[in-house]
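Attaching a single structure in structure tokens format; questions to follow.
Per-chain numbering from 1; labels A, B, C and D assigned in written order.
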Amino acid sequence: MNFLVASLCMFFAGGLACLATTGRPHLTRWVGSSVALIGGALALVPTCMVLGGRVLTGLHLHWSMPFGSIALDMDALSAVFSTPILIIVMLAAVYGTEYLRPFEGKKNLAQSWFFYNLLAGSMLLVVVARNGMLFLLAWEIMSLASFFLVTFENEEESVREAGWIYLVATHIGTAFLLVLFVLLGRDNSTLDFSSFAASPGFAGIAFLLALVGFGTKAGFMPMHVWLPEAHPAAPSHVSAVMSGVMIKTGIYGLVRILTFLGSPPPWWGWLLVSVGAISGILGVLFALAQHDLKRLLAYHSVENMGIITMGLGIGLLGMSYQSPVVAFLGFAGSFLHVMNHALFKSLLFLSAGSVIHGSGTRDIDHMGGLLKRMPVTGLVFLLGSVAICGLPPLNGFVSEFMIYLGSLTSVAGNMRLPIAGIVAALVVAGSLALIGGLAVACFTKAFGIMFLGEARSTHAAHVHESGLAMRLPMAVLAAACIIIGVSGPFWMQLLGPAIAVATGVATDTQIYPTFAAHALWMMTLLAVAGIGLVGLLTFVRSRLLSARSVTREPTWDCGYASSTPRMQYTASSFAEPVTRMFNVFLRTRRRFSAPTTYFPTSSSFSTETRDLFHESLFRPAFTMTHRFLSRIHWLQHGRLNLYILSMIAALLVLLVWKLG
Amino acid sequence: MNTFFVSLLPVLLGLVLAPLLLGVIHRTKAVFAGRHGSPLLQAYSDLAKLLRKGAVYSRTTTWVFRAAPVIGLASVVSVMVLLPITGNSAPLSFVGDLIVFIYVLGLMRFFTVVAALDTGSSFEGMGASREVHFSALAEPAIVVGLVALASATGFLSLSGIFSAMSPTTWVVAGPALALVLAALFIVFLAENSRIPIDDPNTHLELTMIHEVMILDYSGPDLALVLYAAALKLWVLGALIVNVALSPLGLNGIRGVGLFVAGMLVLAVIVGCVESMMARSSFLKVPRLLVTAIALSGIAFMLIVRFTA
Amino acid sequence: MNFGWLLPILILVPGLLGVACLFLRSARAVLRLCAIGTLGVAAIAGAVTLHVFRFVPLFAGRSWFMLDALSAYHLAVMMMVFSISALYGVIYFRDEVARGTFTDKQARRYGGLWFGSLAAMVLVLVSNNLGIMWVGIEATTLLTAFLICIHPTAAALEAMWKYLLMCSVGVAVAFMGTLLIAASAQQTSLHGSDALLWTALRDAVHQLDPALLKAGFIFLVIGYGTKAGLAPMHNWLPDAHSQAPSPVSAVFSGFLLNAALYCILRFLPLVEAATGNTGWGRGILIALGLLSIVLAAMFILFQRDIKRLLAYSSVEHVGLIALGVGLGGFGAVAALFHMLSHSLAKTVSFASAGMLGQSYGTHDLRHFQGIVRRVPVWGTSLVIGLLVLIGIAPFSIFLSEFFILKAALSQRAYWTACLLLVGLCVVFISVLRSAIAMAWESDTGVQASHRFKLSHGLLVFIPLAVLLVLGVWMPESFVQILIRASELLGGTP
Amino acid sequence: MTLLQDTLLVALILTSFGMLVSGRLGAYIRMGALQGVMIGLLPLVVGRATPTLHVVFVAAAMIGLKGLVFPYLLFRALRESDTKREMNPFVGHVPSVFFGILALLGSFWMDARLGFPIHSSAALVIPVAFTTIMIGLFLIVTRRTALSQVIGFLVLENGIYAFGLAIVYEVPILLELGVLMDVFVAVFVMGIAIYHINREFDHIDIDRLNTLRG
């Protein structure tokens, strides 16, 4: 616990220290990143202890604040969420030292590092807080800090807009959380988590409040609208932290609240499955339609949060139908995917940052052939892509596999659920399959168009590989993706205590489905064998070619002699068949000016896919509210007589109402 | 140890016999067209010849292009380890291996597509785009279909599912199994780029999917690609044959014999389909695949109804 | 030892200082006297307040004057607001003095009225006699009216006339209410001058005629509510606040409204006790509070003038305070806490808005661009002030709003909570939009026009820092003060 | 005593009605002055057998202020302004009188309904006070010129004062003087405001003072 407190102090006090270095960018860089590293390392100590099976005694200090107390605790559930937080924060900090270097002297980097460390500290505090006031305060600081990080490049109109949308969305989400926490501790004199009723009468309402409140942060559709705006706007290392771990605090909050609400009725699981499926499928579809790299990745966060939520939904269904195995698998998949997504999404954002850093554009359609100039970035991006598509042998598959197992177990065999559960499980399996297929489409597009082929613009032709400080964190993350990918059973074992917390069973009675462990072992075996086979085949192939003629020619273009890089498929054209099929959701706008006359001079074609919910739900709602409220305006008409009349009217109304 | 090698037999069987299916399909089509046709073992000699040649690479390509055939072949071979043969368990069998089966094939597809994009050719980009489009729809169809089978038999691994099938399965869930079979067949045609989804024999690059993606391969790489494609045809076909024939309850060597016969019949059926149908418009292919998803879904619901 | 004699002194000193201002030669001298004098009064007030908080209420002049925890708390807040505004006045008018738009004559008038209204507000707070309290409120109306039009422009005159007439009528209505309260005591043993003593009424509350008391309370709520800016009697407020010079706007929003609300709060425990604590009077406050929040939210959405925006925000916050008090229990504590936070934040915001107005030559939001970079101190403080006002954590308004929400939900007042949240969200959305639009700008290459001055920075950032600290750490003694003050509002927190 | 009181009260109402029907600002001021004098006299005749010294003092102060000082201030403001008549009140003069009658009826009804605990000797004061209050508010709301609004405010003030007289027996002199002082300052301030408005706008039509809105 002392380490934890020391780490929190480090983040907050060290953040202030960053502010003090204003004007000395060199110092700022060192102080800012080392604060993040030391703070992260300090907190990793208790986190690893808990993951290793130790039980720490919580901290409960007096806090001069009504309903508040400084109650901190690191249980297994917190540890599962704080691990990715700390790791990503540390790696992104290292990355940030180089990424922010071009801004030195132009922007106030001290402020940026201050908010970065504030964000890190508040995220950590969110997962270890055991008091409602402390939690909400940390939650709000987290939102505020990330808001200022998002608006780092505030001279851009779009960034300001993104910041606004982000803070509004997150604040409205918080409004639900305020109600939630007040309801949970309604009749108590404290908001300590330990005092929350085990299963209050309004559990359904509380669940819905938590779903909306935390779902806004987690980016569930349709509350995700801030996400595709804010993540592209932020500097890449911040996007990595936000997309990789900050949105996970929403999942953490949801799971934590569920532990207060008693045994869940089936409709909770159903709701989570539906929300997850919608977020997952629409998330990946919208990602597919984007050609802004970071926007694409942001939509993939929505997708992955959907997968995590489906896992939670399966877990809840398992709980409702008293099937601990299904519950275990659902939660295990969900939690592991939390970690995995943190790793590969941060990896992707960091490598995207490296690309943007090198090329100066975010538009995939302007890139091409980057792999030759940025070999490391390209390789890690490829690994990240394979991982996020959930393909073996990388980590994304392990967690998706667990969710699949959960849904399979609920469908068939002696542990099958009642029919409602089965249908939900099928929805999960089908959605995961569709998401997987579409994700492959999306990331072959992203990787293929960006890194392969020929450069489509001068941006792409003059890129350069990033420095060591940027490459190292990416390499670490990529390695982690591989390691988790081939060590599935170990992670399942590790997650046991956290699942026990989430499902409310005693840690020592937590069951571990042996068949799942066996399956994961077999997968590891298969993965190792497959990798061996790849090695073998590579060897064979090189032997075959060693003595023969290997020549290099232009790409075969079916007889057409003078093909140019501009004739390559672009990201938009690559995704066009799929996006056309789902145009009912995507509503891609095409702007096309066709070539005219016999000697056409110019023509253009561009597409833009705005967010469905932003365009069709929130914007009209805002417009309508605006229009409605503008009618109210006449009330302040400037006529004194009528003002006084309204005063008299108020008097009369009150007299009649209260005395009549 | 000995039993392990025995259990590896199905894998070896597939490795050896897969190119034969191509020959059978070609021969069937030739018969329909009234031609003499190429020899049944033509595919083997093609592969052998390619392996002996040198290679020409596009200047645009990178190591990704060269890695893809290797990864593709390794993936499909790994998948074969999971594949049972009528009445005989697969060498490796575990709960949920059907998901691994599908996802490892996904890995193969990922690299095929990426390699196609590596050439920077607009034709290959076109093929890649179509491939991801159709497979994204094929994937839910096969997953739901297999989950339906799992639900029908109560087992969660491929070997378990097929060994649990018996004649009564057909009696209890006959219509559902037929629907799953139909769905799997559509997926099989789509994944292996057969008519009516794709035409592997056309010379018009614009109308192809798989063949256009591998336009730039030559020599041993092309051999690996073609062999992997043949193996993929084998493994997906094996699913269909297993579903159709497992209920007969034969095992051991008789099962293997039945299986091989089934595979050959499947190849003939494919040949017939290819001879009798035209390649459908690319715009219509998604409908076919969505139909497959629907068939699987209906089958699942039927099974849940029957077994609930 | 009884420090009661300090209470009349507290009224007399500013009164005399006000007169002294009329004899000063230069505008600068007047402004300096304003600052020093206000700080001096604040020092006395601080001493008295501390005494009350630590020991017992003070009485003076045959109990006509009284300072208990509630009024002492208000006095403390008021002196903070006045001190900041007075110091700010020196900065604000410096340019105008230099340009000659703030003449010595105007300055003398300003100084006199400044101390006059200070004295009047102190009178409101320290009078135990409800009639004298009324006199004080009426006096503040009349004295501050001319503060609005120190610069007699057309708009300022219009605003002043509206303010004058609406508040006069309102206060007349409150007078009627006061009379009714006095009448309700006719049947009791209270007679003559005792009939309007708050302490006497409180002790005899169960003998009062409830019907008259209730009628009186309604008149008082409407009457003082007009002055406090509760909807639907708030219409004067945006006009007056936007036209007054910023130090005056700061005082208006920072404390004038609270002074009027304070008067209503004095009557609340009486009427509640007389009606058997059934929440009869609280219901009125809840209704008006909610109406204010919602109405203000609707108007904030459209504001193009920063000072009008801040004025509507005051309507909203007064509504919040009324709502909190109306909810009672911990809500009252939250409301008092909210009052302090709002007063400080609003004072700072008005101060910054005023300086920005001078710097940009307009109060139109659309012309405020990149204020954080161009006018670092005032721009930053305005943005932070706005963020504080819309309830961004970890500032204290977030806490007080949360506590009010908790009070509402603890009483199962779900619709109230719902409306409250909707109102707050609308305000949040619209103000944030303006704040972001103001704070930054696209790169235009315009250089910062203001240099950083430490004194300016301290003036605005110390109050904001206080709000930050209170947002994460409320000292035990401070909570105790709030609880003691709210106990005087009836009910148990 | 009752006769005197009734006479005063009737005159009070009549002056209020006079303001409702009159269109000239000068007449307003005069009638306001007259009403002020009567209000000043009222404490001398209501409720008590023999007026105490303090009552007499307050009455004198009130008569002096309301009967002399206010009219003086207001006439000065009127002289400065070009507006001499209340041209187009929002509610015309004739309907205004109808309102007055309604207000009178309503006041009697309310008085009967509410039943204030007061001396029977002051029984008539309450309805008259109500009527005056209502007419005062009516004037403020329906009249256009700033000056008539001030008059309306005075009428309102008079009504409230009369009401207080009836229901509160004894008011401390300090308080009464404070109240009086406030009213005085109010009229003084309003007079100055009217002067400034007239100078700035060339009119005192408050309906045209509506640039600040929204």
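Rule of thumb we're sticking to: contacts are C-beta pairs under 8 Å (C-beta built on N, C-alpha and C of every residue); 3 or more make two chains touch, one makes a residue touch a chain.
Everything quoted here is computed from the prediction, not taken from an experiment.
Visitor: Which chain wins if you rank chains by how close their C-alpha centre is to the centre of all protein C-alpha atoms?
Guide: Ranked by how close its C-alpha centre lies to the overall one, first comes A.
Visitor: With contacts counted as C-beta pairs, which pair of chains has the highest total?
Guide: Contact tally peaks for the chain pair A-B.
Visitor: Look at all chain centres (mean of CA atoms) and spot the one farthest from the centre of subunit C.
Guide: B
Visitor: Approximately how many whole Å separate the CA-defined centres of subunit B and subunit D?
Guide: The answer is 100 Å.
Visitor: How many angstrom lie between the CA centroids of subunit A and subunit B, rounded to a whole number?
Guide: Measuring from centre to centre gives 35 Å for this pair.
Visitor: Can you give the whole-Å distance between the Cα centres of subunit B and subunit C?
Guide: 78
Visitor: Just give me the whole-number Å value for how far the CA centre of subunit A lies from that of subunit C.
Guide: Centre-to-centre distance between subunit A and subunit C: 44 Å.
Visitor: What are the residues of subunit A that contact at least two other chains?
Guide: 633, 636, 640, 644
Visitor: If you look at subunit D, which of its residues touch at least two other chains?
Guide: Counting only residues that touch two or more other chains, subunit D contributes 137, 140, 149, 206, 209-212, 214.
Visitor: Please give all chain pairs that are in touch with each other.
Guide: According to the stated criterion, the contacting chain pairs are A-B, A-C, A-D, C-D.
Visitor: Give the list of subunit B residues in touch with subunit A in this complex.
Guide: 51, 53-62, 64, 66-67, 69-71, 73-75, 77-78, 81-82, 92, 94-97, 99-100, 102-104, 106-107, 109-110, 113-114, 116-123, 125-126, 128-130, 132-133, 135-140, 142-144, 147, 150-156, 205, 215-216, 219-221, 224, 282, 286, 293, 297, 300, 304, 308
Visitor: Which part of subunit A faces subunit B closely enough to touch in the complex?
Guide: 368-369, 371-372, 382, 385-386, 389-392, 397, 401, 404-405, 407-409, 411-414, 416, 419, 422-423, 426, 429-434, 436-438, 440-441, 443-445, 447-449, 452-454, 515-516, 518-519, 522-523, 525-526, 529-530, 533-534, 537-538, 541, 544-545, 548-558, 563, 565, 567-569, 573-578, 581
Visitor: State the interface residues of subunit D toward subunit A in the complex, per the touch definition above.
Guide: Those residues of subunit D that touch subunit A are 90, 137, 140-143, 149, 206-207, 209-214.
Visitor: Under the touch definition given earlier, write down the residues of subunit A that touch subunit C in their complex.
Guide: 63-67, 136-137, 139-141, 143-144, 151, 154-157, 160, 163-164, 167-168, 171-172, 175, 178-179, 182-183, 186-187, 625-626, 629-630, 632-633, 635-636, 640, 643-644, 646-647, 649-651, 654-655, 658-659
Visitor: Residue numbers of subunit A touching subunit D in their complex, please.
Guide: Checking each residue of subunit A against subunit D gives 633, 636-642, 644-645, 648.
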